[in-house]
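The first chain written gets the first letter, and so on, giving A, B, C and D; residue counts start at 1 in each chain.
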Amino acid sequence: MNFRSDNEAPINTTILNAIIKANQGFEESYGYDTYSDHFTAQCQQLFQCWCEVLPLVTGTAANSIGMTLACPPYGSILCHEQAHLNADECGAPEFFTGGAKLISMPGDHGKIDLDFLENYLSHTGAHGEHESLPSVISITQCTEAGTLYTLKELKQLNEIKQKYNLSLHMDGARFANAVVGLGCSAAEMTWQTGIDMLSFGATKNGAMMAEALIIFNPHLTKQIKRLRKRSGHLISKMRFVSSQLNAYVNNDLWLELAQHANLMAQKFFQATQSTITFVHPVEANEVFCQLPVKVIDKIREEGFKFHVWPGSNDIIRLVFSHATAEADVAKLTQSVLSQLN
Amino acid sequence: MNFRSDNEAPINTTILNAIIKANQGFEESYGYDTYSDHFTAQCQQLFQCWCEVLPLVTGTAANSIGMTLACPPYGSILCHEQAHLNADECGAPEFFTGGAKLISMPGDHGKIDLDFLENYLSHTGAHGEHESLPSVISITQCTEAGTLYTLKELKQLNEIKQKYNLSLHMDGARFANAVVGLGCSAAEMTWQTGIDMLSFGATKNGAMMAEALIIFNPHLTKQIKRLRKRSGHLISKMRFVSSQLNAYVNNDLWLELAQHANLMAQKFFQATQSTITFVHPVEANEVFCQLPVKVIDKIREEGFKFHVWPGSNDIIRLVFSHATAEADVAKLTQSVLSQLN
Amino acid sequence: MNFRSDNEAPINTTILNAIIKANQGFEESYGYDTYSDHFTAQCQQLFQCWCEVLPLVTGTAANSIGMTLACPPYGSILCHEQAHLNADECGAPEFFTGGAKLISMPGDHGKIDLDFLENYLSHTGAHGEHESLPSVISITQCTEAGTLYTLKELKQLNEIKQKYNLSLHMDGARFANAVVGLGCSAAEMTWQTGIDMLSFGATKNGAMMAEALIIFNPHLTKQIKRLRKRSGHLISKMRFVSSQLNAYVNNDLWLELAQHANLMAQKFFQATQSTITFVHPVEANEVFCQLPVKVIDKIREEGFKFHVWPGSNDIIRLVFSHATAEADVAKLTQSVLSQLN
Amino acid sequence: MNFRSDNEAPINTTILNAIIKANQGFEESYGYDTYSDHFTAQCQQLFQCWCEVLPLVTGTAANSIGMTLACPPYGSILCHEQAHLNADECGAPEFFTGGAKLISMPGDHGKIDLDFLENYLSHTGAHGEHESLPSVISITQCTEAGTLYTLKELKQLNEIKQKYNLSLHMDGARFANAVVGLGCSAAEMTWQTGIDMLSFGATKNGAMMAEALIIFNPHLTKQIKRLRKRSGHLISKMRFVSSQLNAYVNNDLWLELAQHANLMAQKFFQATQSTITFVHPVEANEVFCQLPVKVIDKIREEGFKFHVWPGSNDIIRLVFSHATAEADVAKLTQSVLSQLN
């Protein structure tokens, strides 16, 4: 009965079987295997466009290598104050870029306030070389609050990006949940609305350890293999990463897994929304809700695992994953409701 | 009639003469000259304590080398959002530290809101290695708003620093103006209230190019010469930096120059305070005041130089320096008042 | 018939089964799982001492994080010119350390010439802060030439290390092959001869992707988790790394696998030594030998895979792994001999 | 009687007077002064071409910022093993570039062995992303051995550069002495033989602290002002740097000063060459010669200052500067000869 994180969930069986199957004899190392090549082809079909693909094992690596492609050391990265790359990566983007500055932006429900962003950009630059050069906007989709930028908001971001000549990066640690949540295509949510590069996450949605940096903008692909190598992220037996990714996108498994996770979140939300307060809209597979501390203590005693949100004592985050059992959701729902009635 | 910046003022004659006098024959290079040694002795007397002293030519270098002493690459630096090292150094602290994160804090009149700071620190650390480790508080004295932390506020900062086991750095680009403004000793304003290191500025107050990083905390002095060298800041003919510093602190010249600058600011303030609005208290040598745009245009036409503050169109900054002529202050005062009456 | 690299070999079945077994339900993420804890205990038993252990997925990460622990940005790292961290990591140690300098040393058969090293150190330091500070000696064991430092040579290195107050790092990408090759204990080859930290490799010897940085010197363990995180090397589902490591050292599997690999190399060597020239002594699982170009072409045609060594056209490297079939070795031997006779 | 370093010499009077003259009233700061603009114009005339010019105060800064323009973090810099940027900058190039690798090359008399260089380059690249990408050749002219690459050698370097698609940097800490030594024009020795950028030194040849990075290749000028700022090298009262440079190149003062220095070296060489051994050809203002230790001790006692070369006990370096008195050279000559006869 674990609602703490989709990172704590097991590997999906299809993906695990792909790893096992890849373990046949010898295979070229360092990414020059057939699995890695195949994943690039899969991505180009999935996104219906040219793209360059760099398999990796962590989202922090994908985000940080992405930042080095678009942000010089004297540049700045604009992101939400709660963005993973700002709040949860222990300075990785600053490290990888050689000292870029992260500019954290406010905004409701984990989304950058677009007026604030535009206002910030319109007042930047007057001080010339004394200021870091705004270079990238990075958004998280789904956001750290479990919410989604709408396609309309993405288009507005794209306009701002173009007006100020920036790059646009999407941290898609929960990309599948976002695509399912918006009900659009992967292309619509990315390059068709100006996304230059995407951290494409699979680990949280059923892989063992598999992420990819997917670059849609051909101007940003220079020497990505050397950037991966010099940060220690070139896995020697890469076939065991790429085979995960192959299975993940094959037959729309990634969407199927995310559909389940999002559905579980909706079930909890639907059953409790008239009784409890939800801090953010429930748009994907994460739920933030307010409960009396007594209730929080009680459900924890009953064996449910979750995070009380830092900075609060009565807001909990529940994460629903590909492996969340519907029965567990029902039990949690019942438990919460019974405490409150 | 230049009120734009004390950086635009000329070299004080006594200091220039010291450079000329140092130009006698040959002298050991790279800081192993008698002038540099003498400056360390002067600082130890001035601050009435042991300290280590690193002559430099820019404040950005002093701040940034200071940060590397107290903040690891995975650490964070807490400072006011308008702090020079956050807003005006194009990412130098991030670069020198190898990727430390700057956390910008709000606060009225250029001073960190101490409640905000304490609240931030008390909520940090729950997320372990995912978060950058809070390592240094950096304050600017005088602040970027021309104001001063009182000794009481400095003591509060010291308490917070000790409670959270941080280092405390003071950016003293206008240190002399601050000492004069508070009417305290250099010791009282620094190590006696927990300052571990000080960027001691002389350039804005009459030197040609001379700053020093002064370290009071013996745990933070490791390999400072190598940190200076590897950033390209070891001046070969260092005698021409240190001789400036010698003259600057000799016979209290530094205080005399700052007294003049602060007095000029006060004269303008006293003469106009009943007529115009001052955005920040006038506590040292900088003045921020609001004027009708028409008036701003008019005085500019008359040849007065100053900055309209970025983000506004009717707030101007006036900086008074060691070289500001009292007659120019009188002319400016008269001009402003005559437009408004 | 792949003799190209042990990186191209498959996962050992026992290790793969450990991964599969770890895939039971939910488990704490980010290294706070029971598998990771268990591996630390295993290491302490294996090395018969206190040590701190950081599971990772690449050797480059282990080496580079190790370097940041022992070498400041203004420091230097002394290593063999062919050392992996000098020649094959695309600048990773420079990057992780924030700019440390790698000093490459000559030496026969991949081993640092100890007289050269001592001579270098005795002439360093005269130029003070202008020189990078010698901070770490890094050796590879087995070396890049497939050879081994003897225990006596390690003791000499330890004396040099102590005389010049350096740290000593061992890149053990093929650590198991070295322990087997020397016929000593893991303790004897590491902390008992002054090794401060070890990059403990498992991937080349049967794991999927699993390495560990093992630190014996308690002065060098500060904030290793943050160093891992900020470089993007904190795997969220860490159980799948640590469970590999658990299986790898359990029941001496690691030694058993290395014994096989070394034995295969010896078999080839024994059968051909009177006929062909070996460029380096055969002391572990790698063989470097000289063959007529015609023979090289012929055996390649027959389907044997191997590297012709860069810079030569008639020296080939053969790598024997845990998965090398004895029959393949026999075929290769026979083929080579038949061409030559 | 100082022959230790041209860094220990005083400021030339014309240059000092230019500083004094620049100290008239207020002037725009941060390089937006008329002196800096004028220096760019002077350089374009001096080099008879378009160029971009960045005034600085140290040669290490000029070299290191130059390296960041031409070498990515995953790149390598090829230079002589004794090159200042390899041996005497405490890792500054590694730091500024974010971790580029310095590849040190052998070669007689301080000059890169061009066959070694070409051979190195022809064998590099086979290992793809595992290797740092060769990006820049940096030469010192005059070299650290006081010698000069001939125009023919520079042309050969240019061919190698073009063949391997590299950039070519010249560390011209003693550029004036080199131009005088070769008897060619500044243009011939730089962009006309493929030099992309030049660290143009003035400090050793009479300035107080003034160097410039001069960029001939328009593809390498991106954001140089931000690179200067973020490394703390933007001097606020820049007029006092640029006015030095103005005076330095005005009326060929720079050549006049270097002519004197070179002539003094030649006088010593001519008078002693039949008696003592010179370790390197005397081609500019530095002399390396071998003397009996007894003689070295004796002349030191007599008050002559010089360096015994590190790694030897009987080789001394004598540096002749713009400020070396002919009488001192005569005394030194006489003293040496009288000891030996």
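We adopt the following convention: a contact is a pair of C-beta atoms (placed from the backbone, for glycine too) under 8 Å apart; a residue touches a chain by one contact, two chains touch by 3 or more.
Everything quoted here is computed from the prediction, not taken from an experiment.
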Neighbouring chains shared between chain A and chain B, ordered by label: C, D
Taking each chain's C-alpha mean as its centre, the one farthest from chain A: D
Euclidean distance of C-alpha centroids - chain A vs chain D, Å: 50
Rounded Å distance, chain C centre to chain D centre (Cα mean): 41
Whole-Å gap separating chain A and chain C, where each centre is the average of the chain's CA atoms: 34
For chain D, residues contacting two or more additional chains: 30, 73-74, 89-92, 95-96, 98-99, 129-130, 132, 226, 229-230, 234
Residue ranges of chain C in contact with chain D within the complex: 73-76, 87-92, 94-102, 104, 123, 126-127, 129-132, 310-311
Residues of chain B that touch chain C when the two form their complex: 30, 72-74, 98-99, 128-130, 132-133, 223, 225-230, 234
Residue ranges of chain C in contact with chain A within the complex: 2, 4-5, 7-11, 16, 19-20, 23-30, 56-61, 64, 89-92, 95-96, 203-204, 208-209, 226, 229-237, 240-241, 305, 323
